[in-house]
Each structure stands twice: as structure tokens, then as C-alpha cells.
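In what follows, a structure is listed as C-alpha cells, so that the remarks can point back to it.
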Amino acid sequence: MPAELIRILIGLVAVALSVGLIGLVMVWVERKVAGHVQRRPGPYEVGPYGLLQPLADALKLVGKQLFMPDNADPILFWLAPVLSFLPVLLLFLPLPLGDELFALDINLGLLLILAFSGLAVLSLLLGGWASNNKYGLLGAARAVAQSVAYEIPLLLSVLAVCFVAGSLNLATVVKEQGTWPWNWNIMTQPLAFLIYIVSALGETNRAPFDLPEAESELTAGFHTEYSGMGFGLFFLAEYANMVVVCSVATVLFLGGWHGPVLPGPVWFVLKVSLLMLLLVFFRWTYPRVRFDQLLNINWKWLMPLAVANLMLTAFFVKLAQYTVVK
Amino acid sequence: MTLYADTQQVAGDFYTNNFAKTAREGSLILNLGPQHPSTHGVLRVIVEMDGEYILRAEPVLGYLHRMHEKMAEVKTAAQFIPNMGRVDYGHALGWNWAFVGAVEKMAGIEVPERAEYVRVITSELNRIASHLLWWGAYLLDLGAFTPIMYAFDDREKILDILQMPTGSRLTYSYFRIGGVAQDLSEDCIKSIRDFIPWMRSRLPMYKDLVSDNIILRKRIEGIGVIEPAQCRAYGATGPVCRGSGIGYDVRRATPYSVFPKLDFEVPTSDLKDARGRYDVRMIEIEQSMRIIEQCLEQMPEGDVLVKGAPKPSWKVPKGEAYFAVEGARGKIGVYVVSDGGKNIYRTKLRAPGFCNLSLFAEVSQGTILADAVAILGSLDLIIPEIDR
Amino acid sequence: MNAIKEALKTVSDLWSLMVGLKVTGKYFLEPQRTVRYPWKAVANLDTYKGHLELVGGMKDPFKPRCISCGMCALACPSNCLTVVKKKAPKPTPEEEKALAEAKANGEKVRDKTPKDPEKFLYDYTLCSLCGTCMENCPAGALRFSKNVYMAGYSRNDFQFDLVLKLRESDARAPKAEPAAPAAEKSEA
Amino acid sequence: MDALFQGLALDYLARCDEAKTGKAWQVFLPASTLVKAAERLLAADYHIEDILAVDCAEGFVVTYHFDHFDKPGRVAIRVLAPHEAPVVPSIAGLFGGAEWHERETRDFHGVVFEGNPNFIPLLIDPDMADCFPLRKDPKSRVKTRDLLEAGEVVYCNPTFTLMAPDAPAEGHVSGGAKTATA
């Protein structure tokens, strides 16, 4: 038992450090990719290739005065950014980076991730509500409606994979898959993968589904009134969430640490990075969808498709069982 | 929290209070602007919202009001020209032309033919620049960040070209009473000739990246429908009325300068919605390039400023004149009355954006917030022009 | 039939998203179009229209061609120009005598007052760079400078005497490299 | 144009040289006829261009410019609003766009448009809404007839002296038979 506990503690510290690092690197990647897509260099002054730019920005954010608007609810206002960041740390624990490289080997790994990622929306709601700002309120309302809606197809698509693997343990799911791309779940579950990616965009409030913070409509949505580290934590949590979402996609659909030649963790990081790059490209390519369209996509397309996919999967899994038994 | 109209007793300025008087219970009064990312400057729109739906909207103007019409009273006609570049930074040459044209009309000054061609070329280039600026900014309103950079890449080329004869990049004061300040140099003409095929080659990319994009189509199709009758009641002109199926273009309706000699189409769209206005502007870019090409072919040699152009002590002849040109946003009209003094007795600037924006309150009713932003953008507003 | 059409349309609609990605992907790999400003200078500075400057005379390039007629100040829409004329030098006694003589003889006396201005005050904060002054100058003594790198810490830095500026350019001329630092590094 | 305004109490109707003044017709109306005239113009598919006032010696000449999308030809409808009580009926009920133009004219000249649904300052700060920047000093005001182009007169009400040349009581009337002076 103590060995398990120590493992978790080490894992937590490692995660806390790496989340910070990943956040900084992702900010740099996002800005650099955006720059190159728009045919400008992106950050390039601070450090080689502007690598230290996010660090400089982070230092600036840390150094800023913590400012709260009049009539805002002080407790909730400051609780919100912290609450948005903390659950993210937990999300990393059950993720298997390699064959033996994970902090928490738990049967319900997937469930843990889904449960804690559901907490994120609470922080957005609190932040938007507590800041006594109409834009914030609208942004918070959008965030809740969007998260609640997109959680369902997300769950359903993930569930389909779990049916195939027969386990909620992420390590088991990975082990079920093989080395080569045609051994990965994406081949058996392409629809689930698509649904997962789209819902993930909705869950993490990434463009083109970044409605809670749609700046042309709501200035900055739920974090309109946040500055300094309050904003910084929201920002960091957003990127950390992105990493989690991409990691889960890698584990479930892209064969996790499997891959030829290179060691497992490298493959894992590579796959996650590629997915992240895809999300970044989405953001810098597409216009934002409208709110009613966003929900329409969910309820009219993703939900029925996800349910149908799940039923089919269940059917085939059962069929396979029978044939195997006989 | 003073979020609701019924509890809103004190907060709010003159306009909010004036607006809130008839507000219904439980609705949300929201100030979009004067500092807001989608209002392109300092436009302020007070909206009464029921959730995401807009019940009522009222633009509040005047944050950039500079009283150009008063300045026209205290300056001589020639001295007022620099002001015209500042009215609309998007299509500054259109305003240059409207004012200069009105004074020329009143004074009966004939402009050399080459100057007319130079005017057409530069103001059409300026129109393309203005449409590109609109295109980028509109996509920004709709949440796409990259198109504005591509648009500015192309617009930059136009600014470089226009910098050669005018010396400025945005607020041109290039036209003079009786001609233009400087002839187009050989270099300048060459870069215009180079620019047109380049711009043509860019348009398919615009189409691929944006115009055909399903998200964009869903965002702008069917929103902000403006009926022709509304265009008449509000005096909406330019791409707004052409997007509603009215083929009205001042260059064709009341031709001025050398436009009768030029072959170009006036694009219209029967969609009447934001998509219609979008399409019209995209086609106008092509048509402007056609006009420029023809002008380069036809342009004669000669002076660009009439002999005996007005000196500083010039007295504006008595009379009145209304001169309208087709700006990037619609009909730019300048009305001048002179009593024979150095300064013009009364100058009235008719800004197309002003009339187009006055439609907004009616059109945005009952739409959701995101659509209202999309409609606002589709009207192509330049706030300094509206506030004057 | 309709359902199939609908489905096909949906697919083509979704394909438009891929086309968009293709465009951004293509530009992602292409070279940048921006100029890294402080390290490289942009190419279009030669047509730039900066603040006004006086044109030097034919003989002495550091003595203004201006004849202090004041047309520019009259034409200026924003009253940013003030021309201060030079006073006639105090005549020496001999000159005074000669003058009186000439007057007595009814000869036309050549005015000794120098034409060039004592001061040519220019307020760049007011100037709208319209060029009206240049166009109305009978001597062609004004032009726009190409000075892009005009910056200052106070408003007073933008109110200067153009005559002085022209003279200063004399002092600076031998050094030969007063141009902006950016221009030097423009290669590479 | 005279057919369009058939039966309305006009003061003055003149055809103008479009190449020189930019408008085809110029009409002076008493304030009471304005709304009816606007109704006719709306029915004839005219669109509103702008509303402005010119501060003349006799009063504010409030000018409404209308134009036609299909058959271009600008019509200037003019109403004289005396300096002491510059009141003109609003046409915002007919032409929605007129609301803003009227408010702008109020800001600049202080002309009151009766019946405008939202008659608050538009461009000028409400705190200094009563300064009317374009009102001229009484000494520098010019007479209407010296300022505006007379045009080719089609009809002139005998009691209307605003545009008559300085020598009074000429009252050049032509085509008056067509338009009844109701």
C-alpha cells in the first residue's frame, strides 16, 4: 500500500511539473504555428526561436496585481481559477505513458478521467458568475450548456472502445492494441474516433467551438474580468485539458505507446503532439460556429451517430463472443 | 448584481437610461462597445437580451465625432481636402473624390482626362484594399483569425502601390480641385500591372479557405435579411443594397468621370442576407481589377492637374452642388453651398455607413447575439465615417 | 433519393473543411511574408513621405531656397508653419550714404534684405502631410523628407526650425552614415 | 415630378440642371405638406439620401435629398424652419433612416422634428447637446435666394418670396395650373 501511495505522490509531483511545462510549450507551439500559418514568424525575440517567450509571459502574469472587480464574490471569484486547474492534475494520473510508466494503475482509469474532467465546467460557471459581469455570465451559461451536451457523445464514443477492449483500465485498452496502425482501435472504430475528436473540441472549448470565450461576441466570455494569474490558471488549464484529451485519444484509438522501433513513451508523446498540432490547426483555420449550431451538431448528429455506433459495437462484440464460445 | 432591467435604477449613462425606460422585466441590458472586439472601433450598441436573443438594439454614435462639417466652414475649400482622408480610412480616396468633385461641379472646373483615369485607378485600388480589410475583419468577427493576415498581405501590396503617388498609406489626401497631386510614375504603373494577376491568383485561395467553408456558410446564410423596401426607407446603398437585389451603383446610375467608357458589371445578389453582401463584395474585387486594367489600357498622356488650379486665395464661386461617388461602402455624397467666399458656406457629408448602420436596429431584432455580430460586420462599418 | 443527395451534400460540406486545412497547411510550410522589423528594413521606404524639410539652394546646399513669401503658411490647412523673415542688416555709414545718394538720383535700390528666412518653424504634431504647402511654394523650397525614424520623448521634439535642421544636416553630412541602424543590417 | 406632387400645397417647384447642381428637382414645401410629400415619394420608390439644414438669413432651410434606385434623379425637398421656432414634422415614420438624419440635424442646427420617436442627441455629447455648432452668427447669414440655385421654375406660389429675386413682387408663375394650391 505505501508503495502505491509513494508512486501516486511521485506521479503527482511529476504531473504538476510536467503540466506546467506542457502548458508553456503548448503556448509556444500554438503561437509559432499560428505565426507560420499566417506567414509571420511568431515569437522570436526571447530565447532561441522565441522559446522563452511563454516563460516571460508567465512571469509577467505572475507579477501582475490580482485584481477583482467591485461587487464580485471574492471567494468564488478566486476559487474558480484554482478549481479549473487542480482537477487537471488528477486527470494525468491514470494515463499510461509506457508499458510500466503510469502513476496509478486503476480499473476505472477512464471513468476517473471523465469524472474529473466534468469538474472543469464548474469552475467556468463559478468564474463567469462570480465576476459580476454580463459577458462573464453569458460565457458561463454557454460553457455549461456546451459541456453538458458534449459530454454525452464523448462518453458514448469512448464507451464503444471500452466494449471492444472489455475494460475501463487504460493500460488494458492499450495492451489490446498492436504495434502497427492497422492494429489500433481507430481501424475498428473510425466513427467513434471522429465523434471523440469533435466532442473533445467542444469539451475543451477549443476553436471552432470556443463559444464560452468567443471574443467577437463576449469579449472574453467567462474570464473577461480575470487578469494576472487568475487568467493564467484558466489558460494553463485549457492547454492541460487539451493534452489530456489528446492523450486519451491516443490511448483509446491510436495504440497508446505502441509503435515500431522507438521506445513506447516516445511514441506516445509523438502521437499526442500530432493530435495537438491538428487541434491547433483547426483553431487557425476555421471560423467559429454559432451557439445553436453547436448544439445542433451535438444533438442531431453526434448523439445519434454515437448511439448507433455503440449499438453496432455491442452487437458485434456479443456476436464475437458467441462465435468464440462456439 | 445589477443585471436585470427592473433593478437597474441608477447605473447607466444618458443613453442606457433612455434605452432602459421601456425595457421589459427580466431581460438583460448589455452594452456592446464602445470598446468591444466586434464593433471595429468605437461603435456602441445597447442591446436588450433575453438569454442569447436580442429583443431590441440601438446603436449609439458619436464617440469619434469630429465635426468635419464645422471644419469645412472655417477652412478654405482646398484646405479641407486633408480632412476627407480622415473621414473614412478604408476608402479615403472615395471621399477625396466626392468632395473635390462637388467643388469642381460647383465651380465648373474641367479635369484633365489623364487625371480622371488616375482617379479611377487609385480609387478602385483603394476599393479593393477596403474590401480586403472588410473581408479580414469580418472573418475575425466570425472567429477565424488567419484570413485577415492573408488579406493584409495582399492589401499591403496595394498600400505600397498607393504610397508611390500619394506618399501615405491610409489617410490619403491625393486629389486636388482640378486634378490629382501627382502623376502615376512608371514604377507605379508597372507595379499595378504586376499586382492584378497576383490578386487574381489569390482569389481562389480566398474561396477555398473561406467562401466555401461550411462553417462560414452556415454562419452567414439566411441571417440579416434586408428587403429592398428597407433599403429605400433607410437609404442603404453600396454592397448592402446590391446584396438585396437592387442593382444600384452610382458609377452606373449617374456616371461620373470616365466610368461611361469602362466596361464592368454591377454584381447583385438576390439572397438579401449576409451571404449576398459577402458575395457582392467578393465579385466587386474582381470587377475593380477589370476597371483598373481597362484604365491602364486607355489612359492618355497629359497633365494631371488643370492649368490654373485654385490658389490659396481662390474664392469658391457661388452656387450649390451635390456630388455622389460610389464608395466601397455605398454612395458617398457631398453637398456644398457657397456664397462666393473663400470658405464653403455649408458642406454636408453623406456617409454611406451612417445609413447602412441605421438599418441595424431593425434587422437585428430577434436574432441571437452571434448573428447580430455577423450582421454588424456584413454592413462593413467604418466608425469614423459614421460619426464624421 | 433526396436522402442520398443530402448525404452527399453533407460529405462535400465536410470536405470543405479539409480544403481549408489544406490551404493553411500549405502556407504553414511556405516562407514568411513579414519583415523582422528592427533587424531588417522594409523595402518601400523610398516613397515614404515624412516630415517637411527645406530644399537647399543651388550654390549653397545648406542655405534654404525659400524666399520667405509665406504662401505655404497661408495655404496650410492646419497652421503648422510659421515663416520668420530676416531683418535687413544694419547698413554701415557708407552704405547709408550710398543709399541716400541713389535715392536722390531716383535710382532703383536693390533691397539688401536677405530673402531666406530667419526661422522656419514647423509643428509636426499638427501637420497632416497633405502637401498643399509644397504645391503652393513658388520657389520649390519645400519637400517631404524620407525620415521614417522620427521619434521623440516630448511634444517639443516635433516642433522644430527647418532652417536649423537644414544647417545641422550640413554638420552631419561628412559623417556620411546618419541613416537608421536598421538599414545597415538589411542584408541577409 | 409635378405629377407626383399633384394636389399638394407646394410653394415652389423648379427643375434644376443636374450636371451643374447634381439634382434634378427642387421643391419648397410648407411644413404641413412635408409628410404627405414624403408619403408620395415613398410610394414612388424613392429612397432617402440625407437630411441637412442650411442656416440662411430667413431661417434654417431643411433639405431632404431623395433619389431613385432605378430612375436616378435627385429630388431636394426643402422646408423653411424659422430661427425663432424651428419646428418641422418628422418623416421617421415613413422613412426609417430619417430618424438618425433628423437627430443629426437637431444636433447641428437645433431644428426640432416633431414626432421623431427617439429624439435624443445622436452625434453630440448629451451634456453639450444645446450648443448647435453649425448655427451661424446672425451677421454672417446669407439670404436663401443668394445661396441656392433657383433653377427653371415650374411653379411658384405667389405668396412664396423666399427664392424671388431681390426686387420684390415678381412672382414668376408657370405651370401653376397643374398644381392646385389646396
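Labels A, B, C and D are assigned to the chains in the order they are written; within every chain, residues are numbered from 1.
Note that contacts are C-beta pairs under 8 Å (C-beta built on N, C-alpha and C of every residue); 3 or more make two chains touch, one makes a residue touch a chain.
Being a predicted model, the structure only gives us computed values, none of them experimental.
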{"item": "Chain nearest the overall C-alpha centroid of the shown protein atoms", "value": "B"}
{"item": "Most remote chain, CA-based centroid, reference being subunit C", "value": "A"}
{"item": "Centre-to-centre distance between subunit B and subunit A (centres being mean Cα positions), rounded to whole Å", "value": "43"}
{"item": "Centroid distance [mean C-alpha coordinates] between subunit C and subunit B, Å", "value": "29"}
{"item": "Centroid spacing, where centroids are CA-atom means, of subunit A and subunit D in whole angstrom", "value": "65"}
{"item": "Set of subunit A residues in contact with two or more other chains", "value": "37-40, 284-286"}
{"item": "Junction residues of subunit B, two or more chains touched", "value": "146, 150, 153, 209-210, 213, 215"}
{"item": "Touching two or more other chains - residues of subunit C", "value": "17, 20, 23-24, 27, 33"}
{"item": "Touching pairs among all chains present in the structure", "value": "A-B, A-C, B-C, B-D"}
{"item": "Partner subunit C, residues of subunit B touching it in the complex", "value": "75, 78-83, 85-86, 146, 150, 153, 160, 163-164, 166-168, 171, 173, 176, 181, 205, 208-210, 212-215, 217, 311-313"}
{"item": "Residue numbers on subunit A that touch subunit C, as the complex places them", "value": "33, 35-41, 44, 281-282, 284-286"}
{"item": "Residues on subunit D engaged by subunit B in the complex (per definition of touch)", "value": "18-23, 42, 45-50, 52, 54-55, 63, 65, 69-70, 72, 74, 76, 94-97, 99-100, 108, 118, 120-126, 133-134, 142, 146-149"}
{"item": "Sites on subunit C touched by subunit A in the complex", "value": "17, 20-21, 23-25, 27-34, 36"}
{"item": "Interfacial residue positions of subunit C with respect to subunit B in the complex", "value": "13-14, 16-17, 19-20, 22-24, 27, 33, 44, 47-49, 71, 74-78, 128-132, 135-136, 144"}
